[in-house]
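Next come two complexes, and both contain chain A; in the first it sits with chain B, in the second with chain C.
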Partner chain A sequence: MGMLMKISWRNIWRSPGRSGVLLAAIAAGLWAGVTTASITNGFIQQRFERLIESEISHVQVHHPEFLTEREPQMHLAEAEEIIEFLQQDTDVKDFTARTLVDGMIQSPVTTSGVQIRGIQPEAEQQTTSIQDLIIEGEYLDTDVRNPLIIGRALAERLNVNIGTRVVLTFQDIDNELVSSAFNIVGLFSATSSAEEEGKVFTTSAILSDYIAGEMVYHELAVLMQHEEMSESMANTLNQRFLKMEAQTWSELSPELRYLTDVGYVSSYIFMIIILLALAFGILNTMLMAIFERSRELGMLLAIGMNKVRVFLMITLETVLLTLTGAVIGMALGLITIRYLSSEGLNLESVGGSSLEEFGYAAIVYPVLGTQSFFVITLLVIFTALIAAVYPAIKALRLKPAEAVRDQM
Partner chain B sequence: MYLKLSWRNLWRNYRRTLITVTSIVFAVVLALFVGSLNRGTHDQMIDNMSRFHTGYLQVQDPLYEDEPSLDNTLDYDEEVVSEVEGAHPEIEFIVPRIETFMLAASDEQTRGAMVLGIDPQKEQRLNELLDRVTEGSFFEAGDQSVVLSDGLAGRLNLSVGDSLVLLGQGRFGMTASGLYEIEGLVEHPMREMNNQIVYMPLQEAQWLLSAEDYITSLLVTPTEVRHTDNIAASLRQSLDDEGYRVLTWQEMLPDLLGIIQLDNAQQVLMIGILYIVIGFGLFGTVLMMTLERMREFGVLLSIGMKRSQLGMVMFAETLLISALGVLGGCLLGYPIVYYFYRNPIPLGGDMADVVEEMGMGMEAVLMFSIDPDIFWAQGVIIFILAFFICLYPIIKISRLNIIEASRK
Partner chain C sequence: MAIITTNKLSKIYNPDAVPVHALREVSLSFDEGEFTSIVGPSGSGKTTLLNMIGGLDSPTSGYVMINKDNITEMKESDLIDYRLNNIGFVFQAYNLIPVFTAKENVSFIMLLQKRDKKEMEARTMEILSKVGLSGRENARPRELSGGQQQRVAVARALASRPKFILADEPTANLDTVSAMNLIDMMEKMNQDQNVTFIFSTHDQRVIDRARRIVTMVDGGIDSDIHHD
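And then the complex of A and B:
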């Protein structure tokens, strides 16, 4: 075995061109796998964090029927107790309470349906950084009477601007219609125009007053220290309080689950395609190599080296090549990822020219966990070895006499 | 003569040719697979959103898009219909709609609702709306009743046979109010829409909104989606700018366009990486082929063939191999892609639920596209890639040391 090892290693370097190409193919395959995985991964993580931190939060608490019925009287009966509990829990990073009601917004020009969100200006800023989305005007901490923040798209649609007075119409908890004038103090931008057109913000104190005459909350949004704590927080809340339902982001947002699930599935599909391409490249190169070396291999057989050893020799060559290639590929991949994760990969340079306009971050920062790194490495090595089996078998079928004679 | 020589060369060692050609074939098939999956997914999204939401193309009053009020409406008469229908031969049919936002109320509940005045038969052609009735039946064109989306009906606690009150503003600020019997419920595939749509016969809606003979938009359906841009161009040419504005789905659904752009940018990256892997595999095969033929080249040169002549023969070989590979790839790829086009890949259990919950009206399948574009694009790219790689032997020939080569 030791001698075979030596022969194989020498064989590899005897024809640097051929080995170089195989090395390069394997290294490229591994590099490609690691890089694509880290780009997809980084992209998903970034989007995930953005959605969690600016829209959904980790856990939300509602009246059990609020999300389906959305009736104003379905507010949280135990709001104060829950808030007290959340304040004392150290796993909770931030949380905020909201008063929500669906209604209609009317400008001098037209009417539109909106979700009216009464928020606690300070806590909301802590939890979802909503203030950062304001592109014009002020936040809700102003002295203006009945302040309202609306989306840029809605402002265009209603043909209104900061300072314009609009009328909001909604139901109170006794199902009576309430109409009141609000003053637009700020405009916000969001990732989707549905978001910009569908939501308006005022303070929960003002909205509660109109709806119930006292403080009522329909929603609590909780941001945890870590994502992993979401599930247990939801469970604790559900056990402890009866007249409410706590849900984690994965139950609340199918979009987010789609993003993570489908995102990872498509990256697996792509990984399989890359591995196939790699396997086929190696298979063909090795086959060609066997044809080229048929004279040499025939000679070895003719001078008495047995078939098993020839097979072993070729397999060993491939193993050595693959391992060397894998090391190079890993190093290249790590360098690429490190570089990209500090510099960021600008999607605008590959055709996403107006991504920012649509509210997507155009720069992706790839990330890759150690675990997936090694899984990919193993997959690539495995693929390379599988791809080498057929050519090695082919070599076994060589007839020594013919092979030695073969000139071309 | 070069062509003849190279053709013979190819078949002299058909095994070698076959390996190189299959490398290219495989590359084309993989690239086609990825391209087709990507396009298919997008087409599915566009198709869904267009059919159930805005249509592929709309003709509107020039002011309506910026200020969607009933004051900015279109005349709907024979003249407009014939003018629009005659603008381009690929227009299949047109669908008139009047759309506004009103309050919908039952005895106890009030909700904002999107009221759509439609022609049921035409709507049926666009999106098979009539087949989505879950309860009761759909109204006929001249009726005075409404059909509710079942989400809205649930929120208002209404069912078939009950009365619905509609309250809002008509054209030029006229008060619009009416009491209608609910004739049926439909399930709209988009969750957001399903919670807010009231369908009513076009004529009745026009009467209610004091907008007789007016509509807010005319949806134009092309025979094939790919004609959309051409139709938009000819509509823009034949219709007067002052009176009409033509919008395509790209303009009406900017969010969707954003998602597709983002996806495409990622895909460009991924396919780029795939090309690198494919390129290395192919280069390996070609390099091996060249090494194997060194002796042959040396002999040819030493018996007096000029380097340029040999180069030409190899060039012709390269062309033939690349062309054969790409052609073969398209021929093999077509049935594969076509199979998946006919039988989309279903997404597994959990994922199917997620897609369902998203409420975008998408089916939980991975769709493929057989648009000839994809074959052209991928075919040409791989051909160029293969062609450059296959130039390697020519470079090698120009630097060949005759004596060493023929001794080998």
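And then the complex of A and C:
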């Protein structure tokens, strides 16, 4: 094998110009592929983290029918026991309880339908990034009576501002309508105007008092130490507590699961397309090499180099050539990713603001995991093997007597 | 004792279109230690005969025996191994591996034979010394003259310890001095080590040195003269 490796490696450099051009093409292709894949991954990861940290969390717990019916009386009957369990589980990073009710918000100008989210101010900011989204005013840890945080878009629509009093109307657990005045203490911005218009925040203590006269929770949002722990936590909760249903982020947000699944796959598909194009270049170069060296290959067969070794020699030559280009391309890609992941790739000038409308960040921080590098390396080797087969078969078909006819 | 026997060896190219009779029932035998020249005009069948003896081509009829092995009936994969361990080849255009040094070109064939590394290195240096290339072991073919390259080719052919060496027009691309040096070297190996050489040539200076001259005309044997 050492001898084959040596002859294959040296054969690559017999035509330095031709091999150099092919290496440059492979390196450029890999650089483009790796960089693009990392940008796609960065997009997805940022979107994932944003949604998990600001909205969904890893696991949510509800009354089994709450998500479909959304009735105030469908609160968590075992809330205290579940909270106690979560407090003791070391896999749980943070969690928070919420009181949720749908209702109407009314200003002197207009009325709008909203989801009223009663949160635990301290626990919520540990679990989600709600506090970071406040662009004006203050958070709910205030002395103001009936404090309320609303979205920037909703404030514009209602023509209200910090300090304005609005009326919230909603049902209590006995299906009686409750109306009360709330004071706007803060405005938040979100990734979409629909979110800014659809949610308002107050404390769960105030909201519970209005709808039940005691503390009730409709939702528990749990943030795990690692995303991979979500599934087992949901299973454990479902087995342990029978009057609730625990769901993972992928069940709660199929679109996010689709985004992560398809996003990662699409970056590999893109890489495969690049490699497929490169495979034709590699194939062409190797066929030229075989054609030029047919007498030499015929001589090797004549003096006793068996066909397996000839096949291996051509294959090794192709794999070494491709891997060399790939290593250069991936190294360049790594340098690019390292730079962009610290500086960020600002897409504002190419429609970044539109991306924000859809909930994506305008500044992307590319990411490429070890697993992706491993998969790309395997794809490169696979491409080289595919590209090597035909030239190697051509070499095997050489008849030594014909190949060396002019000399022997 | 004959180490090579050809029996009514015929080769017809394009048998279904315009048949070309390259060999016509050639029956010959070669003893161990012979220094034989196969001569004849272009197209007389010299190269075809060497190809048949070397197992590089198969005859239309007849067969080739090397010792007791009928190589005509061997499978291609077996024939490759047979060539590796029994036959040495020297080509007109040297056909060295350009990316290997002289030393590597010689040891390459022993690597294919999976010889012991120490034995391989010792034999490589010994053979290169015998062909007069001591000090040029690490030169690549492009750094050697035509004569030196052909010496490396002979060294490579010898390295595998073959039963005989087939050389097709070994001096055709060499100047007079290099050609005579090469034939001197081959003759010395034949006399000192009893290496069997069968070579085709047009070169009268080489023909004059052979102890047996087989003359071919139109694919057949015209004469077979021994000068022992």
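To be clear about the criterion, the second predicted complex is superposed on the first by the 311 of 408 C-alpha atoms of A that agree within 3 Å, B and C clash if a C-alpha of one lies under 4 Å from a C-alpha of the other, contacts with A are read in each partner's own complex, and residues count from 1 in each chain.
In the analysis below, a contact is a pair of C-beta atoms (placed from the backbone, for glycine too) under 8 Å apart; a residue touches a chain by one contact, two chains touch by 3 or more.
The model shown is predicted, which means the values in this text are computed figures rather than measured ones.
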Which of chain B and chain C A:17 touches, first, second, both or neither: first
Which superposed partner A:376 touches (first chain B, second chain C, both, neither): neither
Chain B versus chain C as contact partner of A:295, first or second or both or neither: second
Partner with the higher number of touched chain A residues, chain C or chain B: B
Contacts of A:280 with chain B and chain C, given as first, second, both or neither: first
First (chain B), second (chain C), both or neither touched by A:175: first
First (chain B), second (chain C), both or neither touched by A:307: second
First (chain B), second (chain C), both or neither touched by A:192: first
A:395 touches, of chain B and chain C: first, second, both or neither? neither
On chain A, positions contacted by chain B and by chain C: 407-408
Chain A residues touching chain C - in the complex, by the definition given at the top: 3, 6-7, 10-11, 13-14, 295-296, 299-307, 309, 399-401, 404-408
Interface residues, chain B side, partner chain A - complex: 13, 15-16, 19-20, 22-23, 26-27, 30, 33-34, 37, 66-69, 100-103, 108-114, 154-155, 168-169, 192, 196, 254-255, 257-259, 261-262, 264-266, 268-270, 272-274, 276-278, 280-285, 287-289, 291-293, 295-296, 347, 350-351, 354-355, 357-359
Touching residues (chain side chain A, partner chain B) in the complex: 15, 17-18, 21-22, 24-25, 28-29, 32, 35-36, 39-40, 43, 68-71, 102-104, 109-114, 156-157, 159, 169, 171, 175, 177, 192-194, 254-255, 257-258, 261-262, 265, 269-270, 273-274, 276-278, 280-282, 284-285, 287-289, 291-292, 345, 347-348, 350-355, 357-360, 407-408
For the chain C and chain A complex, residues of the former touching the latter: 47, 50-51, 54, 56-57, 77, 80-81, 83-85, 89, 91-93, 95, 97-100, 104, 108-109, 111-113, 156, 160, 166, 168-169
